[in-house]
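Paired with chain B in one complex and with chain C in the other, chain A is shared by the two complexes that follow.
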Partner chain A sequence: MSIKRKVLHFFPTRVAHAVQSPLAKYVLRRLLYLIPLFFGILILVFVATRLAGDPVKLMTGLNPRITAEARERLTQYYGLDQPLYYQFAKFLWELFQGNLGNSYALRGGTPVTTLIGDYAWETFKLQLAALFFSLVIAIPIGVMSARRQYSKLDVSVTTTSLVGTCIPIFYMGIVTILIFSYFLGWFPYGQAHSLEPSRYPFGSYTLDELWHLALPTAVLTFATLAPVVLLVRSSMLEILRQDYILAARASGLSERTVVYKHALRNALIPVVTYVGLYFGGMLAGAPITETVFNWPGVGRLYVEATAKLDFPLIMGITVFITLMVLVANLITDITYAYIDPRIRIE
Partner chain B sequence: MTNELLKIENLKTYFDTWAGVVKAVDGVSLNVKQGETLGLVGESGSGKSVTALSILRIVPRPGKIVDGRILYKGESLLEKKENEMQKIRGKEIAYIFQDPATSLNPVFSIADQLVEIIRHHQNLSKQEALERAIDLFKLVEIPDPEVKIWNYPHQLSGGMKQRIAVARALSCQPSLLLADEPTTNLDVTIQAQILELMKNLKKKLGMSMILITHDMGVVAGVADRISVLYAGRVCESASARTIFYNPKHPYTVALLTAVPNLAIKREKLKVIPGTIPNLIEPPSGCRFHPRCEYAQPACSQEVPPLVEIEPEHYVACLRAKEIDVKSPLRAE
Partner chain C sequence: MKIRKSKKNVPVRQAETKQKKGVSQWSIAWRRFKKNKAALAGLVIIGAIVFMAIFSPLIARYPLNYLASLKEEGKIRMPPSARYIFGTDYVGRDVFSQIVYGAGNVLYVGFGAAAIAMSLAIVIGLISGYIGGIVDNLLMRITEIFLVIPFLLILLVFLKVATTLAPSGVGGLSTVTLMIGLFSWAANARIIRGEVLRVKQNEYIEASMSLGASKWRIMFRHVLPNVLHVVIVLTTLQIATAILVEAAVSFLGFGDPNSITWGQQLQGASEAVKEAWWEGVFPGLFITLLVLGFSLLGNGLRDALDPRLRE
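Moving on to the complex of A and B:
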C-alpha cells in the first residue's frame, strides 16, 4: 500500500488519477506481482544453464589439436571463469542497458537481440494466425455443441475434440507434411519464404508468405482447437443452466440474443483465462511445431541454442519468452476485467 | 367467463431423463381472473415452478409440455409460434424468479439489462428507455435511482436485487405476473417489504398475479384464491377464505398445520409425515395416499377427480364428503 502511494506521489496528478481508476489499479497490482516473478525465472534459468555443461568443452570437443591453454583463453574470453554471482550481475547490468550479449555459436557472434528480432516476427505471424483461426472456429462450434447437448452433432464434436487433444502435434505435423508437401506437393516444406523470387507464386511476395504459412498454421490451429472447443462447450453448458439465462428468455429476448449475448459473455470468462495462459507460452514460440516445420521462429532458435549451450542466446530468449508470457498474462487480465465487472469494480 | 385472463386445462409437463420420465406436472388445471391474485401453494418439488415455466413455454430441457391447453386472453399459447411467444414473454406475462442472487446477469449493468428489455418490447430511444428504467426504480422504491441503476448485480444487496427483479418484470406493464417464491431467499423483514410492495403495485397497475410459494403464511394476506398442488396435481382450489377456514382436502389441512406463523396455538404445529413422492413412478390412485391419515384401500386404486363440491370450491379427494377435516385456524 505505502509503496504504491509513494510511486503515485511521483506522478503528476492527472496521471495519478488515471492510475487510480479501478481497472488501472487492478492492472498495476498485477504488474507489481509480475516483477519478482520475472527475476525469479531469470535466476532459475541462469543457474540451470550453468549446471548444464561447459560450452567451451562442447565447442572444442571435436578439435583434437586444441590446447588446454587455448581452452583457458576461451573460457576467460566468455567470462565463464568468473564467479556465478558476478556473471549474473553482469548479465543483469547489461540487460538494463538493452544488451543481451553476443551469441557463442550462431552467425559468428551476432548480437542476441538481432537474432531474436529476426526470428520473433516469424513466430508472431504463425502463432497469431493459429490463435485467430482456432478461436474463430472453436467458439461457434463449442456453442452449437452445448446448445444441442447429446445430439449427434454434439457427440461427434466431443469425440473428434477428444481424439484431437490426444494426437501429438509432431505426429500431426509430420503426417501433414508427408501428405500435402511430399506426396501432393501442394505446399512448400520448411522456411517462411522461397529462397529465390522466381519461385514466388504469381511473382507475389505476400502470396509466397501465405503459401509457406498455410501448413504450419493449419496444424497449430488444429492442435489448439480441440481443447478450446471442449472448454467453450462445458462452460456454455454450465451458463445455460443459470437462472439469469432463463430470466432473459422469460423477458422475451430472442434465442440468439440469449445465447450469443447473455450466455456467451459469461461463458467466455474461463476461456479467456485458458487461452491467455496457453497462448502466452505459444507467443514465445512453439519449439516442436517450429522444429517439425523447420520454421525460422524463436522456438526453433531456442532448441538450437540449448543444443549448443549458447549461454547468451539461451538467456536472451528466456528474457524474451518471459516478457511475452507476462505481456500475454497482462492482456488476459485486462480482457478478463473487461468481460467480468466483478473484477473491474471493487 | 369473459373476465378470465388465464385458463390452464389438464397441463402435463414431463422431463425425459436417464432415470425415467419425471412427471413433474401431471394434469394441472388452474384459472386466473382479471385483476386477481392466485396463490399456488405446495411443497418443494410439487411442480409449481414447472407449471409457471410451462405458461411461458420456457421449460428447460429435457422438459416438455406433452398435453393440455393454456388459454391466455382466450388465445391458445401452446399453438403460438416461437416469435409470437417472444412478444408475450415479458410484455404480457412476466416472471419473477425465486433467487434474486442468480436471476440477474452478472456481467451487464442493471441499466443495460433493463434498457434492453424495455427497448425489445417498446419502440423507445435509449435515453427514453433509461428514463423509464429510472422511473421503475422509483416505483419499486430504490433510493438514488440515477446512481444505483449503473451498478452491477454484485454491488447490490439481496433485497435490492429482488426489487430490481420486480422492476424488470414490471418494465413493460404486463397483464399477468408470475411471482415464483419472490421472497423465499430474503430475510424476514425484507420479505415483508417486498410482499407489501408487490401487493401495492399490483393494485396500482391493475395486474393479475400468480403468487407461488410453499408457505401458506405468505399467501395469507395477499391471495384472493388459492390452488394447492401436490406431486404435480391440483388437490384443492378455492377462495383464500375457504382454503384457510373451510378446507376439504387432508393435504391442505396438513399444509396449514405446518405453518408456524399463522397465529395458531403452538401445540398444533406439526410437520407432514413422509416425503414428497418420486415423480417417476408416483403412487397409484390418489398421490397423497401413502401420507394421508384418512386413506382407505380405494384411495390407492382410483384417481380422485377435481370436483366442485360447492360453488367455486374444487377438491380432489375421494372421501371429501365423508371425512370431516378441520382447519387449525378455526376455533373448536
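Moving on to the complex of A and C:
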C-alpha cells in the first residue's frame, strides 16, 4: 500500500474521491483565474485612489503657515510626484516583500500591516459572533416555517424577515443604541473595551469585552438573520417536494428523521454557499455597523482612510480584503463540490 | 351609408381588441396582482411618497432648508410639538419639511440608479446568454468581479473620485446615482442571463433563426420580451436596494452634501442621538417604509408575473 492510499484509507470514500487529482486540477484552474482577477482589482482601486484627490492638499489645507515648497517636499516624500505606472510598480514590488507601506494619517505613520492586524481581530470577533447567532437562530426558524407553509407562524416569519431586510442597518443601530444604551443604560455605547479597568464589570476583562460586544452583535445578527431565514425556508420547501422525501415518508420513517436527516442536509447546501461568500466579505467588515457603534474594525478603518485619502491604508485594506474574499470563494467552491454529489469536478 | 358603416365597424373592432386583451399575459398578471393585499399596500406606500415628492412645496410647512426654530425662537434641536411635528434638527430646520423635500431626491436616486443598473444588466445578460462562447465567458468573469468584491467599500473610493472630478455644474446627486448604478448591475445581469438561456431553448427562436433574422433582432425582438417579467421584478427590487445604498453612503458621509436626502438627515442626527432622538428616528422610518413599499411591490409582481405559477 502506498502512503497516499494509506492516508486515504482513513477518510470516507467521498473525501478520498475528492482528494485525488481532478480536484487538484480544479484548484489549479481556479487559481489561474483568480490571479489576474486579484491584480485587476488592485489596478482599478489604485487608479481610483490617485484620481480621488490630493492627500497633501487635504492634510495641509487647514494650515495657512505651510508654504508651497513644504507641500512639494511632502508630495515628493510620499512619492506622489512620480508617474502613475512607477508608483504602481513600486507598490507591487513592496507588496511582494510583504510591505504595505506606512499610513499617512493614523498614529503618525504606523505600518499598514500593523494597523490591519490590530483592527482585523475586532472585526473578526464581531462578525463571527453575528454569523454564529444568525445561523443558530435562522436554521430552526426557516425549517419550522417551511414545514407549515402558509400557517400563521410562516406568515409572521416571512413578514418579519421581509421587514428586516428593509430596515437600513445604521438606522437599526441608532435605534438600538437609543433604547438599550441611552434610555435603559444596560449596555455601553461604542468602542470594544472600557477605557479604564475600574469600569470593568466585576473587574473582569472578558466580561467587559462581551458587554461591549453585545449590542453590535445583536444588530449585525438581525441584519444577517433575515436573508438566511428566507434562504433556508425556500430551499427547504423545494426539497420537501422532492420524490425522495416522499419515498422516505412512504418507507415509514418518522417525520423527524425525514425532515432533519433527509431534507435538512440537502436544504443546507445553498446556505453553505451563502456562509462561504459571507465569510469572505466578513473581514471587509460591516463598515456601517462598525461606524455606528464606533467599533475599531477594518470596515470603519477603510471608511476613515477613504475620507482622509490615506492611499497606503486604502490599498493595504483592499489587498487584504480581496485576498480574503478570493480564498473564501475558492474554499466555498471546493466545499460545494464536495457536499453536493450532483456536482462533479471534471 | 358611410356613417352607418363606420358605426358598425367600431364595436366589432373594439370587441376584437377586448377579446385579445382578455387573454393577454399582462391582464392575467394584473388580475392576480390585485388579489395580493401586501403588494397593493406596497403600491399605496410608493404612491403616497411620490405624491409627497411632487407636491412637496404644498405639503412642507417651511421653505427648503429654512432654519425655522433658530430664526423664530433662537433654538435648535427642538422636540416634536404642534409647531414642528417631527421636531427640528441641528441647525433648526423642521425635520418634517426636510423629509418632504428629501422624498424627490430619494426617489430620483432610486429610479435613476436602478435604470442605469438594469440597462447594463439587460445588455450584458442578453449578449452573454444569447451569444455564449468566449463572449459569455469573458462577460461572466467581469460580472464575477463585481459580485465577489464587497462593493460598498470600493464604491466609497469611486464616490470620492466622482465628487473630485465632476464639474461643479453637474449635480452631486446625479454623480452619486451614476456610481450606485454602475456598481449594482452584476447580480441582475447574471439572473437575466439565466433566463435568456432558458428562453433560447424555445422553438420560436429556432423558427426566427431559420427565417434568417439577425442575432440582434432575435435578441431584442424575441428574447427580451420573454424575459421582461424577470426584468420588471428585478428593477423594482433594485430600486429598493439603490435607496438603501444611497442612505448608507450618505450616512457614512460620502453622499452629496448639497442635496437633502433621508440618509443625509440621519448623518446629521447621528452626532446627538441621545439629545435629539427625533432628528434621526423619523427620516429612518421613512427610508424603511419606502424600501418596504418597493420590496412588497417587487415580491407581488414576482408572484403575479411568474408564468410557472398558474392557478
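Assume the second predicted complex is superposed on the first by the 310 of 346 C-alpha atoms of A that agree within 3 Å, B and C clash if a C-alpha of one lies under 4 Å from a C-alpha of the other, contacts with A are read in each partner's own complex, and residues count from 1 in each chain.
Everything below uses one rule, namely that a residue touches a chain if its C-beta (ideal position, glycine included) is under 8 Å from a C-beta of that chain, and two chains touch if they have at least 3 such contacts.
These numbers were taken from a predicted model, which means no experiment stands behind them.
A.B. asks: Once chain A from each complex is brought into register, does chain C clash with chain B or fit beside it?
C.D. replies: They fit side by side.
A.B. asks: Have a look at where A:Gly53 lands relative to chain B and chain C in the superposition and call it first, second, both or neither.
C.D. replies: Second partner only, chain C.
A.B. asks: Can A:Val45 be said to touch chain B (first), chain C (second), both, or neither?
C.D. replies: Only chain C; A:Val45 stays clear of chain B.
A.B. asks: If you tally the residues of chain A touched by each partner, is the higher count for chain B or for chain C?
C.D. replies: Answer, by number of touched residues of chain A: C.
A.B. asks: Which partner chains sit in contact with A:Trp186 here, chain B, chain C, both or neither? Use first/second/both/neither.
C.D. replies: A:Trp186 sits against neither chain B nor chain C.
A.B. asks: Tell me the contact category for A:Leu246 with respect to chain B and chain C: first, second, both or neither.
C.D. replies: Once the two structures are laid over each other on A, A:Leu246 reaches chain B alone.
A.B. asks: Scan A:Phe132 for contacts with chain B and chain C and give back first, second, both or neither.
C.D. replies: In the superposed model, A:Phe132 contacts neither chain B nor chain C.
A.B. asks: Now for A:Trp93: first (chain B), second (chain C), both, or neither, which partner does it touch?
C.D. replies: It touches nothing on chain B or chain C.
A.B. asks: Is A:Val175 touching anything from chain B or chain C once the two structures are fitted on A? First, second, both or neither.
C.D. replies: second
A.B. asks: According to the stated criteria, A:Cys166 is in contact with first (chain B), second (chain C), both, or neither; which is it?
C.D. replies: A:Cys166 contacts chain C only, not chain B.
A.B. asks: In whole Å, what is the nearest CA distance you get between chain B and chain C after the fit?
C.D. replies: Taking the overlay as described at the top, chain B lies 7 Å from chain C at its nearest C-alpha.
A.B. asks: Is there a shared patch on chain A that both chain B and chain C touch, and which residues make it up?
C.D. replies: Residues common to the chain A contacts of chain C and of chain B do not exist here, since the sets are disjoint.
A.B. asks: How about chain C: which of its residues touch chain A in the complex?
C.D. replies: 141, 144-145, 148-150, 152-154, 156-158, 160-161, 164-165, 240, 244, 247-248, 251-254, 263, 266, 269-270, 273-274, 277, 280-281, 284, 287-288, 291-292, 295-296, 299
A.B. asks: Given the complex with chain B, which residues does chain A contribute to the contact?
C.D. replies: Touching chain B: residues 149, 241-244, 246-255, 262, 265-266, 339-342, 345-346 of chain A.
A.B. asks: Quick one: which bits of chain A touch chain C in the complex? Just the residue numbers, please.
C.D. replies: Answer in residue numbers: 33, 37, 40-41, 44-45, 48-49, 51-53, 162-163, 165-171, 174-175, 177-178, 182, 277, 280-281, 284, 287-288, 291-292, 299, 302-303, 306-307, 309, 314, 317-318, 321-322, 325-326, 329.
A.B. asks: Of all residues in chain B, which touch chain A in the complex?
C.D. replies: Spelled out, the residues of chain B in touch with chain A are 53, 56, 58, 60-61, 82-83, 85-91, 94-95, 97-99, 102-109, 116-117, 120-121, 152, 154-155, 165, 168.
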